[in-house]
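Below, chain A partners chain B and then partners chain C, in two separate complexes.
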Partner chain A sequence: MAERAVTDLGFGLGLRSQHYPAILEGTPDVDWFEIISENYMVDGGRPLAKLMAIRERYPMVMHGVSLSIGSTDPLNMDYLARLKALAARVEPAIVSDHLCWTGVAGLNMHDLLPLPLTEEALAHVAARVDQVQSFLGRELALENASTYVTFAQDAIPEWEFLAEIARRTGCRLLLDVNNIYVSAFNHDFRAIDYIDAIPREAVAYIHLAGHENNKTYIIDTHDHPVVGDVWQLYAHAIQRLGPVATMIERDDKIPPLEELVQELAHARKVAAAALKKQAQVA
Partner chain B sequence: MRLADLQGAYRHYLLTGDSAQLAPAIVADAFDGAERLGIYRNNFLVGLSEALKANFPVTLHLLGRDFFEQAARRFVLARPPRRPCLFEYGAEFPGYLSDLPELGALPYVSEVARFEFARIASYNAAVERYVSPDTLANLPPDQLEALPIRRAQHAQVVPVKAPVAELWKAHQVPDPDLSVIDMTARPQVLLVCRPDRALVVRELDAPAAQFLAAVQDETQLGAAAAQCGAEDDMALGRIIALVLELRLLVSARA
Partner chain C sequence: MDLLRTEHAFQDGLIGRSQDVLRVVRGNARESAETMFGVYRKAYWARLVEALGNDFPALNALMGDEAFDRMARAYIARNPSQHPSIRWAGRRLAEFLAGEAPYRDDPWFGDMARFDWALAFAFDAPDAPAAALADLAGMPPEFWGTIRLQFHPTLDHFGVSTPVDEARLRLLENADVTLDRQARCDRAIMVWRIAYDLKFRAIDLLEHAALQAMQNGATFGDMCELVAQQVSPDAAPLRAAQILQGWLECGIVATVGHEGLGSAA
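Here is the complex of A and B:
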């Protein structure tokens, strides 16, 4: 299958095992799939067979949750070797993970923990991104996670932190518009300022997801359809960035594939309208 | 605070709930630091409890949601995960359950948990180069005995006393009727394996169980055959047929 630049992939969905039959037996209107890398770090068996059957028909992106790029533990080389082996199999358009850490002193908490936004953390993460990219022999994309705390020592806004890592390492960014919205609400900054500060050429692709708003703070649950405010923010992002590969992430309360395909069709419309508006302004 | 110290304090908080070190590093506004940190601790505990529920669905049903969740949270704090993949989490959970005094009267629960984790381990095990009928047929008889062999990674052996396979099977439909299961203890050795893509479960007779115990670490075919206590060549033949059919052996020379 000829590969396109990751930015041109079109509109995708997160691959979930519940949807394997619908994907393999039908022709859903989905341009590409993003897989959770750790779910396929196996050396055989049924999950991998299904994955490769779907890979034969669709471009893929690999998205991880256990890289722990911000941890002060040494990089887990065994994990990286498994990631590299999976990438050799799947030949993804790009490999991504999160700007976060997931454990220290040998633990992996399986939660995306927040980093203090300091010069020390910036230098630490940038050095590790360099290490990971040279080990994998390819670019990494880093995603902004939803956060619920800020640290007293924070010295750099998150958008500048991400832009600077991209500048220093040449890595790409995975912009999660929902996470920007959630963090903006929780920490009282303007989501639009965040998007406007992201360097256009660094953005590899966009995540859209839903969340639950309990009115005092927002917990990112990825178990709802995308909300109206996030669609508006997405339209703003596309107007500013131009066409960017976009996908919908649903991690919990997973509906039938058809429902997500419809939501994805809405994303196509929002993006098309935003591009039209951009052309009129230009 | 240096990044390493901050992460150490964070780890301590997640595992203990004691935020004395960490909370001062967090910005307080309408919510204080401890309240915001609570979101992370909750995500950590709920996320991993849910992962255990996914890995141990029958155990969950047997224990009931409330008890399972309590036990899972205590387990997460006592044995937090170290590995990067969630499907690998919980190898020690069956042992943890068997040590819980509250479960003293229900020893079969931890056996079911052990069986469930064996299924996951088998399902996700590496594909290896298995000893095939051809491997054996092509060897000169004098080399057969010295053939180096070990058990394939997908071959999981689970000794149990309760009717674990029956309990598991009964749970493959909604609202299982457990009253039809004879719960009389009957020691047996179960084999869980994945010869191709699907899992296979078999009850092993004593010689087959001893043979598979003998090949857990690398040995020679002749030595394993001598240790298995097969009474005659026919009994040994049955074991060899089983390990070939289910691809239970790996050889450096296969």
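Here is the complex of A and C:
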């Protein structure tokens, strides 16, 4: 398959096993799929076979959850070797993970845990991104995770932290507009300020997802459709960034593929309208 | 607090070892640090319990949701995940159930966990073709004694003292099905995969011993001797040949080697 810049992939969905038959038996209006890397770091069987069958028809992006780029444990080289082997097989447009850590002392909490936003953490993460990029021999994209706490020692806003990681390492950013919305609500900052501070050229692609609002805080559950406020924020992001590959993530209460394809059609509409508006302003 | 100490305090807070983390995390204008940190703590336990429920569906049905939840939390407290993929979190669950009160008092738990785990393992173990009965056809009799087998990479087997092989499907269809929980047996279960289909079969202890011996590199001749210790010497060769035939027919053998081929392991 011809190489295309990740930014130009168009509109994608997270690949979920429930949808394998619908994808392979139909022609859903989806431009690309994002896979959860860890789900396919296996030796054989149905998951790998389906993955490769779908890969023959669609471009893919690999999205991991266990890189643990911010952990003070050493990088897990065994994990990285498996990630690299999977990338050689899948030939993804890009490999991404999260700005977070997942455990220390050899344990894995299987969650995207928040980092204190300090100079120390910044230097630590930047050094590890360098290490990972040179091991994989390719660019990494880092995603902003939803967070529920901040730290007493925080000294750098998250958007500056991410922008600086990208500047120091040349890595790309995976902008999760829902996560920005969730963290902005949880920590009382303006989501628009976050988006406006992100360096345009660093953005590789955008995540959209739904969440659960508990009134006093929001949990990023990925089990609902994208909410109105997040669509607005997405429109703002596209107006500022121009066309960027975009996808919808649904991790729980997964509906039939058709429903997500319709939600994706809405994303296409919102993006088109935002680009039109951008053209009028320019 | 530096990054290393912050992360250790955070993790200790999640697994319940200490709450020092509350000195460095902040909530928001509406909720305390404790409440907001609680979002992470609850999610940690809930996510692992859910993952174990997915990998041990029959054990979950056997115990019921409440008891399974309690058991899973006790297991996770003792065996936190060390693998990048959450699907390995239950690696030690059968062992835990067999050794830990009160679960060890009911062998159904350890047996069912072991069975669920073998099926989860076989699901995405390496692909490999299986040998067929035809691979033995035309083999000169003098080479039979030197036959060695390589088993299919999806194969797992284990002894059980409860008839979980008969109960598992019934439980998955209906978690409230009435089982004779006093029932005991003495046999083994083999689990493997053909293409994408999971298979299992109960085998007697003699066949299980033969399987273990062959997996450890014994020849068919060694296996015949082992069988002869259990059945009459006259019946042994036939019984051993039947066992071998059964393995080839069901697809658990990857390759057959013998000295005549020069390919014996």
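Keep in mind that, in the parts below, the second predicted complex is superposed on the first by the 282 of 282 C-alpha atoms of A that agree within 3 Å, B and C clash if a C-alpha of one lies under 4 Å from a C-alpha of the other, contacts with A are read in each partner's own complex, and residues count from 1 in each chain.
As a convention for this text, contacts are C-beta pairs under 8 Å (C-beta built on N, C-alpha and C of every residue); 3 or more make two chains touch, one makes a residue touch a chain.
For clarity, every value in this text was computed on a predicted model and none was experimentally measured.
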Exercise for the section: Please tell me, clash or fit, for chain B and chain C sharing chain A in the overlay. Expected result: clash
Practice task
Could you say whether A:R46 touches chain B, chain C, both of them, or neither, answering first, second, both or neither?
Solution key: both
Exercise for the section: Return first, second, both or neither, reflecting whether A:Q262 touches chain B, chain C, both chains, or no partner chain. Expected result: neither
Handout entry: Which superposed partner A:Y79 touches (first chain B, second chain C, both, neither)
Key = both
Practice task
In the overlay, answer first, second, both or neither for which of chain B and chain C A:M109 touches.
Solution key: both
Practice task
Using the touch definition from the top, say if A:S17 reaches chain B (first), chain C (second), both or neither.
Solution key: neither
Handout entry: Common interface residues of chain A - those touching chain B in one complex and chain C in the other
Key = 38-39, 41-47, 49, 66, 70-72, 76, 79, 101, 103-111, 113, 115-116, 118, 120-121, 124, 148-153, 188, 216-217, 219
Exercise for the section: Sort out for me which residues of chain C touch chain A in the complex. Expected result: 1-4, 6-8, 10-11, 14-15, 23-31, 33, 35-37, 39-40, 43-44, 47-48, 51, 80-86, 89, 122-128, 153-154, 193, 196
Practice task
Can you check the complex and tell me which residues of chain A touch chain B?
Solution key: 38-39, 41-47, 49, 66, 70-72, 76, 79, 82, 101, 103-111, 113-116, 118, 120-121, 124, 148-154, 188, 216-217, 219
Exercise for the section: Report the residues of chain A in contact with chain C in the complex, numbered from low to high. Expected result: 38-39, 41-49, 66, 70-72, 76, 79, 101, 103-111, 113, 115-116, 118, 120-121, 124, 148-153, 186-188, 216-217, 219
Exercise for the section: Would you pull the chain B residues touching chain A in the complex into a rising list? Expected result: 1-4, 6-8, 10-11, 14, 24-27, 29-31, 33, 36-37, 39-40, 43-44, 47-48, 51, 80-87, 89, 123-127, 194, 197-198
